[in-house]
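For reference, chains read A, B, C, D, E and F in written order, and residue numbers begin at 1 within each chain.
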Amino acid sequence: MRLAVFLSEYKEPAMLERLKAEKLGIVLVQNGVYHAAVKKDGKVSPVLSKDVEYYALSEDLQSRGFSDSDVVDGKVKVINYEGLVDLIFNDYEKTIWL
Amino acid sequence: MGKLTIGCFSSLVGSMSLDFAIKLSEAAVKKGHEVDLWLSGNGTMLGKKGQGKFRDYSYLMGTVKELINSGKFKITNCEACAKARGIGREDTEEGFGIASMDWYLASAFGTDRVLHIGGE
Amino acid sequence: MAIKKIAFIVEKLPYKSETSRLALTHAIASQTVEIHLEDGDNVEPVLIFVGEGVLNCLKEQKALDMYGVTSLEMHIKNALLLDLKVLVCKEDLDTFGLTEDSIVMDAEEIGGEVTTEVVPYDEIQKNLESADHLMFF
Amino acid sequence: MGKLTIGCFSSLVGSMSLDFAIKLSEAAVKKGHEVDLWLSGNGTMLGKKGQGKFRDYSYLMGTVKELINSGKFKITNCEACAKARGIGREDTEEGFGIASMDWYLASAFGTDRVLHIGGE
Amino acid sequence: MRLAVFLSEYKEPAMLERLKAEKLGIVLVQNGVYHAAVKKDGKVSPVLSKDVEYYALSEDLQSRGFSDSDVVDGKVKVINYEGLVDLIFNDYEKTIWL
Amino acid sequence: MAIKKIAFIVEKLPYKSETSRLALTHAIASQTVEIHLEDGDNVEPVLIFVGEGVLNCLKEQKALDMYGVTSLEMHIKNALLLDLKVLVCKEDLDTFGLTEDSIVMDAEEIGGEVTTEVVPYDEIQKNLESADHLMFF
């Protein structure tokens, strides 16, 4: 399956380790964007250590004081709500909001 | 063009999940898609009449009304969840449906994508 | 004529929030969804308890006596009574030292015929794959 | 005998924190203490008129009314939080006060113990 | 100070490690009672590893399917709402709800 | 004549929930509490940001543009304008690699005179001890 996992909080949900999918995307929204925008003790969030697609919502980055270019890891693609709509319809079949 | 069913179980004001659901609906409708939005749990607070518009709290009713007027957006409150909170038909803004939980499953049956946003 | 499978996945604890309760009531609503659909169309729900969510399945919950709200135990029995498929993750039960003796396995006393299935996570993953839509509570 | 000020910022039904606050108030009043209960954030939903009494949702109004009648219990909604949610005076059960946030601080000033229960 | 910390969730809040008090009590309520009632991977919750007073609310244990005697560590005292009132007025001066 | 000190401790992140915003608005309400009290009595608030809560203090929050809600940044500036004591935990800023440059340190542009104080956790602990009541948001 092609699965988009929405992560809305700044923690590492146990479920994230378990989910398998042919194509897996992790969409950082709301407080999930901190995974993309800050390092803790100098380290990038463990959430970003998987070999999957990553996205972060621009509106939620900006609300919290970050610009799109503040993203700490180049593999995270910054998208806006319009991009998110395309992602949901074109790139993935199923979604899970953690 | 497709159809997206969103379920939002998070509260108004107390959480930003309803803001997220409305912004996503707006972007989808703008692109020509249809959206069904199911409100359950504290999400049912969104339809309450008479919400004050303060800058410290998000106020979504303006956008919701525009979405309803677009003809591509249906928004429905979970009847039991709303009633448990004292929100009946007379307390609910026009344009909001009120239905039992099978409405959400029926929408999910006939849709292309489901985004289920759980409660707090 | 189509059947759409929806997986209701419960990973949250009961009571603190309303989430796991709403998973149960929404899954049970599949019993009446036909009235909205064409002849022969239907929704097939599967209820899945994983992670800390398995603690929803404990027996002897006294929530009604203590707080006047229906227990999750009673909701699960209702789901079984209505022949819903209920899966509980074996590995997660093990994590909490729980066995089939500790959890709601049937609804016999109210006339239920199906039983809870304790399955390895792999089986749950298969159900996520075969479902048309996922609702993660 | 003392006075306890409780602030509850958690939602009705969506969380059990309001149930906790009411049960604690009940136990304190029974022991002869006074209780001030401040409702802010989603906690303001507690005072909404017309809440349905279903067994799947907690229904606290009966106990709240008994507490109010005891004369040892004051319950007050945060005005802005309630209004942002569309809950004005006319939507609020009798016996509930409506005040701005300084009411809570004033209560905390003159009390023996404060238990502040945050939001979700 | 004499500080009662209310723990209402089944996780270990970072703040718990930091708080110091002459007399510290940890009151397990709501989903906090799981710390007292279940072991994870055979181990008692790290929340119970401090040298402080512990309490668990009987009503919340029972709601979740536990009896008062199911508590996994003898140092946790099971109390009801009445006991909690006495605790707040008699044993502690300040409270924090985590 | 008495002054009661209340500590408003913010440990939650902004925006996902309303909690940290309500900490700010309640702390600021101390400005008008006198009307409820006897002459000379008053409440002295101290606002404390610890743990992930320090992320509430970041500059350049565009919440008003994006979602139409006042940013936490603006609330903190209001608190400083009203001469509230604002403490931010140094160790927790370090954890996130933040410095005084990254956070709201003053409200000069709206006429504020006091500044945010970045302090070690020990100092925060002392404030918790000297406070009459603690409100943990």
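What we mean here is this: a residue touches a chain if its C-beta (ideal position, glycine included) is under 8 Å from a C-beta of that chain, and two chains touch if they have at least 3 such contacts.
Worth saying up front: this structure is predicted, and the values here are computed from it rather than measured.
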| item | value |
| --- | --- |
| Chain whose mean Cα position lies farthest from chain C | F |
| Most distant chain from chain D, judged by the mean position of its C-alpha atoms | A |
| Chain E-chain F separation of Cα centroids, rounded to whole Å | 28 |
| Whole-Å gap between the CA centroids of chain C and chain D | 33 |
| Chain centre separation in whole Å, for chain F relative to chain D (CA means) | 25 |
| Multi-partner residues of chain C (at least 2 other chains) | 15-18, 25, 67, 132-134, 136 |
| Per-residue multi-chain contacts in chain A, two or more chains | 8, 30, 59, 94-97 |
| Shared interface positions of chain B, touching two or more other chains | 13-16, 23, 41-42, 56-57, 59, 80-81, 114, 116, 118-120 |
| Touching chain combinations (by label order) | A-B, A-C, A-F, B-C, B-D, B-F, C-D, C-E, D-E, D-F, E-F |
| Interface residues, chain A side, partner chain C - complex | 1, 3, 14-15, 18-20, 94-98 |
| Of all residues in chain E, those that touch chain D in their complex | 6, 8, 29-30, 59, 80-82, 84-86, 88-89, 93-97 |
| Chain D residues within the chain B interface of the complex | 11-15, 41-42, 45, 48-52, 54, 56-57, 59, 80-81, 83-88, 91, 119-120 |
| Chain C residues touching chain E - in the complex, by the definition given at the top | 13-16, 52, 55, 58-63, 65-67, 71, 73, 95-97 |
| Interfacial residue positions of chain F with respect to chain D in the complex | 2, 4, 6, 12, 17-19, 22, 25-26, 29-33, 35-37, 41, 43, 45, 132-137 |
